[in-house]
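Structures for review follow.
You will see two complexes here that share subunit A, one where it goes with subunit B and one where it goes with subunit C.
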Partner chain A sequence: MDKPRILEIDPVTRVEGHGKVTVHLDRQGNVNEARLHIVEFRGFERFIQGRLLWEVPVIVQRLCGICPVSHHLCAAKAMDRIVGVDQLTPTAEKMRRLMHYGQVMQSHVLHFFHLSAPDILFGFGSPAEKRNVFEIIRQNPELGHRAVLMRKYGQEIIEATAGKKIHGTGAIPGGINRNLSTERRDQFLAQIDEMQDWALEALALARDYCLREKDFIAKFGGQPSNYMSLVRPGDGALDLYDGNLRMLDARGEAIFDQVDDSRYHEYLTEDVRRWSYMKFPYINSIGADDGWYRVGPLARMNTADLIDTPLAAKAHEDLHAAFDTPLIHGVLDNHWARMIEVVHCVEKIRELLNDPDLQGTDLVVKGERRHEGVGVIEAPRGNLIHHYKVDENDQVTFCNLIVSTTHNNEAMNRSIRDVANKHISGQEVITEGMMNHLEVAIRAYDPCLSCATHALGQMPLKVELFDSNDVLIDSALQSP
Partner chain B sequence: MSTDRKARIATVSLAGCFGCHMAILDMDERLIDLMARVEFDRSPLNDLKRFTGRCDIGIVEGGCCNEENVHTLQEFRRNCDVLVALGQCAIMGGLPAMRNAIMHSDDPLRDCLDEAYLSSPYTRNLTNTVPNDPVLPLLLDRVYPCSEVVEIDLQIPGCAPSGDIIHDTLIALLDGKFRGFERTELRFD
Partner chain C sequence: MSGDSFTFTIDGVEVTATPGQTIMEAADAAGIYIPRLCDVEGLRHQGGCRVCTVKASGRSAAACTQPAAPDLVVDNETDHLNTMRRHLVEMLFQEGNHLCPVCEASGNCELQAMAYRLEMVEPFRFPGLEPCRPVDASHPDIALDTNRCISCGRCIRASADVDGKGIFGYVGRGIHRRVAVNGSDLAHTDADINDHAVSRQVCPVGCIIRKREGFSIPIGEREYDHGLIGDEGDSE
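Moving on to the complex of A and B:
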């Protein structure tokens, strides 16, 4: 090669939202830099100011159509605190939890089958026109059909608890606005055994893949890192809806633990870099250079001491038994972790459906008004933080959001740099399939580029190649 | 539309939240049946990043918030016989367009950028500038609905539209029998 080049993947596909990747090659074709760019910006933190507090859970979810329930519930949790409510009624909390487990289930199924499975089933370098869920439906109709029906089940749980499949209205400050009818309950219960069987089979598929490819996965875009999630107060169990913050280092030692979520900003800061609208959060006590960390399903499998549903608990132990390190670091092992969580969600949904509190009529509580509230939840993609201040007229005066994909920003960039070094550096001819390896690494994080653009807009994935002086030498698209 | 070949459909998400693409998937089993009649050209749901040929139907989610959105939308107009604006953002800007009208602000976009990158108390910004790398597409002064940028043939309402309305509209288009929406379907939520 005679001149430096920049390769581009634009847009990154089979991820939620819009992003692009740039890979910077020198004259010898070695990778100098590889970056994931979020290229849209929304300005949500500013334009939500002046809106009324009760509107926020309904408006904010429209940042993201894939995990609207996460934003809806996270904002509602922050607004609970502002309306002075620390403890919801049992019906309200359980309806919200049911909504959340329904959404984590549908989102994980969507990510695994509709977005990532084509890479796993057909190969990272298989022809681009084959790498999609429609090809799975053609080649394996049974599997494709199950994927569609499992996602549908989760979406219908959301519809029953929030009123709509996408952008519902169930959670309100201090509670919920509906309970679950016994008719709907019985419809869901009639299908739950089938959902559990299918979830266990999906888990087996992901587990077999991760074990079969263990050596490859160990070298693919992964490196030891810190991990953060909420965990249940006391026993440190996995809890997707509520809990305290725990950050572990790569050896499994606590950096901070059981921290009240409203104090997140004492532990984390977001760094701004000029080449992406997505910020780069870091752990304050370690600093911006080395204080990066990961969130999401694998992070949760690492941080949780236990899982409180039997099948998922067994799967959690099985996962850890497969590795001889205290924590698990393979980026692609996220798929295994994600399917454990699907099993957990199905178990939780069953538990909740059998709970008569869901037919309770005590839906909302009120308390003494406060002016500031933080809500934190474990969204499908990882930890999600909403922080609001509201004045005496009920109008929002301040908003700060840290979404899961933003937490993973540095980690995703490190992963694609690693993959670019191993699969693109020094290659005479760079094929579309090689470039797809970069997307495979990004997809493993299940990034939600829609959420991540809340600052401005959209995130197509495009790869660019820069020389050592940071000059864009060339840009190549991943597809022909 | 011809019945002896599959119709080609392209989809894209511009300044939207991807919820309309999730609504396409909410057709559930009917999506599988639909595969007998249509195939997808470029779409974020597959790995075709550019048009591979002329399409019968283009489906656009989201409005335009940056220059790339405008170029992509124009490309969709050039390559698609029927261009569909799917959902409120494509039709009228939706949530992203809330940045167009911020009370007491002379420069809403600047205010939004300042709030996100300069004045947030929990952010470190060593250069004290907003992201400005050439790789980032230029932001538009306002968020524009699709119909202000190109000619739109059909608007499917909703935030997000239901899987039902998307399915019924597509089938009607494929059969050449689309006759507009029921009054009850013309709603935001």
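Moving on to the complex of A and C:
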């Protein structure tokens, strides 16, 4: 190799949104730098300003077509606070929870079977034309069939609670606009046993893979990090809809714990870097260099003291028993954690469907107006924060969104650097399969790149001019 | 048939009318729907949107203002007229910011419903004007998002003729004409949430907003969730 090279994956495939990876190789073929670039820009934080507060849960869910329910509910939780409601009616909260569990289930199933399973089942370096869900359906029709039907079940739960499978209108400030009919309840209950069986089999598939490849996973893109999620007040149980913030360090010691979610900004800061539209949050008490952390299914398995549904609880214990460290750090172990959460969601859906509160008619509560509200939820991809200020005319004046993928930004970049160093550095010939290793590391985080691009007003434009030998001749920077 | 009444036809169907009735009034009485946007029951006719244009014995006329006449031959549901109506509706979409997916009027919106009725499914053929007018949310109970206004004038007539207030009126000329309030903003008018002009049945789109009511009607229970506008009697 006689000159430096830049390898590029553009676009990164089998993730939500558009991003690219660049790997900078020196003359010897060693990796100098590897980065995940977010190349699209959304700007919701800006154009939501001036809109009316009850519109917000419906508008911001358009951030995403995969997990719009997360944004819908998170914004609704923030708006609950702004309309002065700290406690929803039982029907409203349970309908929202049902919507959320349906969503986490369908999103996790989508990710595992449609996006990541081709890598797991056929190998990271298998022919690219085989690494897709259609090949899974061809080789294992029963598995493919279940993947489609499990996702359908979750989406029908969303439709029953929000009015549409994608981008519904169920949650409104202070409550919900519908309850669940007994007809729909009975339809869902009739399928719940089958969903539970399939969820357990999917869990077994992910577990077997993670145990079989334990040594490989330990060295693949992962390194000890801090972890954050909501946990239930009091017992620290897994709670995907509501709770307090907990941040653990790599040894499992609390950096902060049981923090009211509305105080997130006292503990976290967002850094902006010139080469990405995605911000880089860090823990204030540690600083920008080392204060990065991870969120998502594995983070939740690390932070939660327990899970309050029996099958998922057993699986949670089983997961921790497989490792001799206080926390689990393998980035691909996210798949195991994700399937535990699918089991948990199915158990929660069953529990809720059997609760007569879902047929209640007390749907909305009113309170005394406030001017600021924070909503936090555990989205499928991890912790999600919505923060709004609203003026006396009901118009939004400030919006800050920290989405799961943004929390994981630094971690994803570190993972691809690690994988690039181990699988690409110094190679004479770089194959498509080697490059796919980088994508596998990114996919493990299940990133939603379109959700995570909001660095409006802070994104500088950098232009670089190279000669034919890739030597930088000149550069210009338009500062923010 | 009373002594003064007479007959004419709409799409070949014989319709009875009385002197002074418009084509649309006679059609409504006979259960025949003529598409419309600026016309609504209880307000005087305006003939502004032209969506109700019919061919009356070969001449184009606004059905809401054109008097019915003996032996008139009216064409209503023809491909030519519906194409013209669809183009009018498309232009209304392009003049404003009609983002149905995030608009609280969606499902109850007559403009959206008319677009469905007229099968406005292809990509917009006209360039969007993309207005960027600030939302007037100064009133405690009412907000005004004129980016969604189609200048139907229903609020103007309701406020002047029913409420006796004259809160709404047009300003500007030509393409710049738009609805404005009789004050520096809504808070500085006599507007009240109980005014007919701000009731749900007057504004056909999401321009006049009754605060804190948005999205309270679930999808599936909104006015046009189960049938086309004009076919309400045929649904279910």
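The rule is simple: the second predicted complex is superposed on the first by the 453 of 480 C-alpha atoms of A that agree within 3 Å, B and C clash if a C-alpha of one lies under 4 Å from a C-alpha of the other, contacts with A are read in each partner's own complex, and residues count from 1 in each chain.
Everything that follows uses one rule, which is that a contact is a pair of C-beta atoms (placed from the backbone, for glycine too) under 8 Å apart; a residue touches a chain by one contact, two chains touch by 3 or more.
All values derive from a computational prediction rather than experimental measurement.
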First (subunit B), second (subunit C), both or neither touched by A:164: both
Subunit B versus subunit C as contact partner of A:172, first or second or both or neither: second
Touching partner for A:50 - first (subunit B), second (subunit C), both, neither: both
Which superposed partner A:183 touches (first subunit B, second subunit C, both, neither): neither
Which of subunit B and subunit C A:59 touches, first, second, both or neither: both
A:144 touches, of subunit B and subunit C: first, second, both or neither? first
Touched partner set for A:16, first subunit B, second subunit C, both or neither: first
Partner chain(s) touched by A:394 [first = subunit B, second = subunit C, both, neither]: second
Per-residue touch tally on subunit A - higher for subunit B or for subunit C: B
Touching both subunit C and subunit B, counted on subunit A across the two superposed complexes: 50, 59, 62, 164, 167, 169
Footprint of subunit C on subunit A - complex, ascending: 50-52, 54-55, 57-59, 62, 162-164, 167-170, 172-173, 177-178, 364, 393-395
Subunit A contact footprint on subunit B (complex, rising order): 13-23, 25-26, 28-29, 31-32, 35, 39-40, 43-50, 62, 65-66, 68-69, 94-96, 98-99, 102-103, 108-109, 111-117, 120-127, 129-137, 139, 159-160, 162-163, 189
In the complex with subunit A, residue positions of subunit C that touch it: 101-102, 104, 134-135, 137-138, 143, 209, 211-212, 214-220
Complex interface listing, subunit A residues touching subunit B: 9-11, 13-18, 20, 22, 35, 37, 39-43, 45-50, 59, 62-66, 68, 110, 114, 118, 128-129, 131-134, 137-138, 141, 144-145, 148-149, 151-152, 155, 164-167, 169, 265, 268-277, 279, 288, 400, 436, 448, 450, 455-458, 460, 462, 464, 472, 477-480
